[in-house]
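In the two complexes that follow, subunit A is the common piece, with subunit B as its partner first and subunit C second.
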Partner chain A sequence: MNESCRVETARDGDLAVVRTEGYINREGGEEIERCIQSLLEAGVSRIILNLEKTKIVNSIGISILIEVLEKMMERKGALAFCRLTPTIDKTFRIMGLAQYAGIHATEEEARTALSATA
Partner chain B sequence: MARDVCLSISSSPGSELAATAEAEAVAEAMKFSRDKIDEIKFALVEACINAFEHAGQSAAGRVDLKFRVCHRPSGAEMLEVTVADRGKGFDPSRIESPRLENKLRGGNKRGWGLKFIQSLMDEVEIRSTEKGTTIVMRKYK
Partner chain C sequence: MTLAVPGDIPSLARRVREILAAFGEDPGDEDSLRARVDEAAAAFPDDVASPPAIAARLLGRSLKETRFELRERVLELESLYDLGLSIGGQLDLDRLADEILLRSISLTNSRSGSLHLFDGERSILSRSFGGSLLSADDAIRIDLDPEGLINNRARDVPTSGVRVSDCEKCIVVPIQSETRRLGMLAVADKETRDGTIRDFFPADARLLAFFASQAAAAIETARLHREALEKERMERELELAATIQREILPREIPSFPGLTIAAENRSTRQVGGDYFDFFPLPGERFAFVVADVSGKGVPAALLVSTLASAIHLQIEDARTPAELVQRVHRHLCRFSRARKFATLFLGIFHSGSGDLQYVSAGHDPALVARAGGELEWLPATGRPVGIFWDSTWTEARTNLAAGDRLCVYTDGITEAQNPMQEEFGAGRLAAYFSRVAGMPVKEAASRLFGEVLLFAGEAAQYDDQTLLLLAREDAETL
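Let's look at the complex of A and B:
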């Protein structure tokens, strides 16, 4: 049994939205990392990670998201998450992720918050 | 009376989803809330991943799961989930609690599994020897 993760991106200047669908495990995390790396190389510095269609993640996928966050911080960029399930939201807060990346209810809220960092 | 559902899965990535499907069915039958079901599934994924890493891909690399509907002293129902591997074991007392600020300064980003399990479940017991590890997790309804 497996559930692959699909990732799509939408760019608007130096801001991009990365939308995921499916399980964020090692493969899912690596796919997100590849997409975000491409965006960073193309000049994007602010990224919204919309997990609306992701209902399950694991700690391996999360460890890759930490690598992504580290890269964003090194580049003085900003990362925000939105549309998390209550359990993923709770898990991210347990980690202390909200200190380093925005956690928002909607994509619009995340966009507004990241606009303030431009 | 306690009721048990037993399952054995291979220690290969992806097998944890078979475990979560079973957990979801049992928890739904017990009428757990959706949020609590998701927390049980998340913790179970982490326990399975931990077991996969310890059990390895050897002939002994199966992971045994047991779902038990049981009761607290108050009489309230709870779900007990047991995840057992036959790997080389580890010393839980030597596992350091992860700190994100340290992980963002380079180095290993892993090591969150036990913290997630302990945060999402109401009771957690870890028994580990050189012959394997058993994690017992309980969630109150």
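Let's look at the complex of A and C:
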């Protein structure tokens, strides 16, 4: 099993898709945070976080994601999650991430949901 | 904002401490409170950084952290519940092991983990995430109490005599059923937000031990399921082998002038590869074969099928038994897999003269019981077929006079064992045929199986038993 988290981004105007692969722990969470920070600074306000290739998160990674979400809300941006494993989906709901960001089955559904917030 | 006047900090911190205490919040030690007050005050404009505002910010943060911790506990409970549920539905051991390992790492905030399952001294599954903490051998030999072991100095101190690789701190717990160790689960290096590695505490070990106990139950369930499937597969295979064998063996005993013929085959549960067949030939000749192929189950049944096809294809064209055996041997060498072979006794009886031409390819000696009571053994005339490409076979002859009987059998009869592991043996076979000299052929054949069964008693038999009994007709006994 691959453990280190890798992040890829695809930007489309003020919307970007961030695709992760690997463990979202402190290191992985910070990698996502850096990536999203630079997207925000570059004018992106809506972000889809696609976790299709991530099978594991821990609470340190989740606390970083919460910080990222708070930053986005301060900037009036919006974030949506998609392609979560059932375990991560449940984890995000229990840990309260679903209060701040939508959880969607596909990237397309997340895109539609974020378009409505534009 | 950092307050400009150093003397303001103690008084500000003192006021904040009083407010926090009034709300039942532990303000912590002096230094940490001052640092937190300083940090909180920096977030306010100068004129708003009052003690109540700073205390409210610290209380808000504390509430958020408490809520996060509570949610973590809920997540732990939900994970244990989910794992318990998945035990009932998840019978794939690999997927189950992955799920247990990932949940263990995730819920303890560890960086890496390993899970090993074994059966006695044999490793059956190894999974690691973030690097392998222990080899399969170390996982088997590490000595652990049921509650496991915390080692917060893993770089310097071996963990129960075993060096856990590439980590600073670890927990290792056994996965065990009521009666035996099934495996081992280990996680290493508990993360913190600031990038340091925290000590593991007994609560972490308890959580991991609980996962391990869930894993043990799941693994036992999956193993029992796998064993049931394997048993079912083997039974289907045995049934298939038995069907193949039934289809190949002749359904009826042919009649042939001058001969009385009896033949029987008793398959054991494992279904070996015995074969017999008859071929009335032109010129008042009667060919017959008894064979025993190597192996058991479907492979043996398929080899019998190959052997039977070869004999059926070649028997009309071969001029002598030796030529027929040679052709069958070449056919087997070409079309059967390596290390598959057969012993066989192939004879051609001439009804006019009573002559019997035969080849015995590594087969147990056939027995001739003469009408006058003498017994003669017909030893092998060459090697088994299907082994060495350049093997050859010599042909032998004997004559069956009126009342003589020929008994060709497979070693399932002579090697049948009783509970003392004694074999029935050729001696008992010979004695039996001496005893039943006057008995009708079919009855003598049938009763032999009863004799073998009586000898074997409760002992299980693992080889097919086949008997072919030919008697040159004699009006007095038939």
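One rule holds for everything that comes next: the second predicted complex is superposed on the first by the 116 of 118 C-alpha atoms of A that agree within 3 Å, B and C clash if a C-alpha of one lies under 4 Å from a C-alpha of the other, contacts with A are read in each partner's own complex, and residues count from 1 in each chain.
One rule holds in what follows: a contact is a pair of C-beta atoms (placed from the backbone, for glycine too) under 8 Å apart; a residue touches a chain by one contact, two chains touch by 3 or more.
What you see is a predicted model; the values in this text were computed from it and never measured.
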A:25 touches, of subunit B and subunit C: first, second, both or neither? both
Comparing the two partners subunit B and subunit C, which touches a greater set of residues in subunit A: B
Which of subunit B and subunit C A:91 touches, first, second, both or neither: both
Touched partner set for A:99, first subunit B, second subunit C, both or neither: first
Partner chain(s) touched by A:73 [first = subunit B, second = subunit C, both, neither]: first
Which superposed partner A:56 touches (first subunit B, second subunit C, both, neither): both
Intersection of the subunit A residues that touch subunit B with those that touch subunit C: 1, 3, 23, 25-26, 55-60, 63-64, 66, 87, 90-91, 94-96
Touching residues on subunit B, where the partner in the complex is subunit A: 13-18, 20-21, 35, 38-39, 41-42, 45-46, 49, 98-101, 103-104, 106, 109-110, 112-113, 115-116, 119-120
Contact set on subunit C toward subunit A in their complex: 67-68, 71-72, 74-75, 78, 82, 98-99, 102-103, 105-107, 109-112, 127-131, 191-193, 195
Sites on subunit A touched by subunit C in the complex: 1, 3, 23, 25-26, 55-60, 63-64, 66, 87, 90-91, 94-96
Parts of subunit A lying in touch with subunit B, wherever the complex brings them together: 1-3, 23, 25-26, 55-60, 62-64, 66-67, 69-70, 73, 85-87, 90-91, 94-97, 99-100
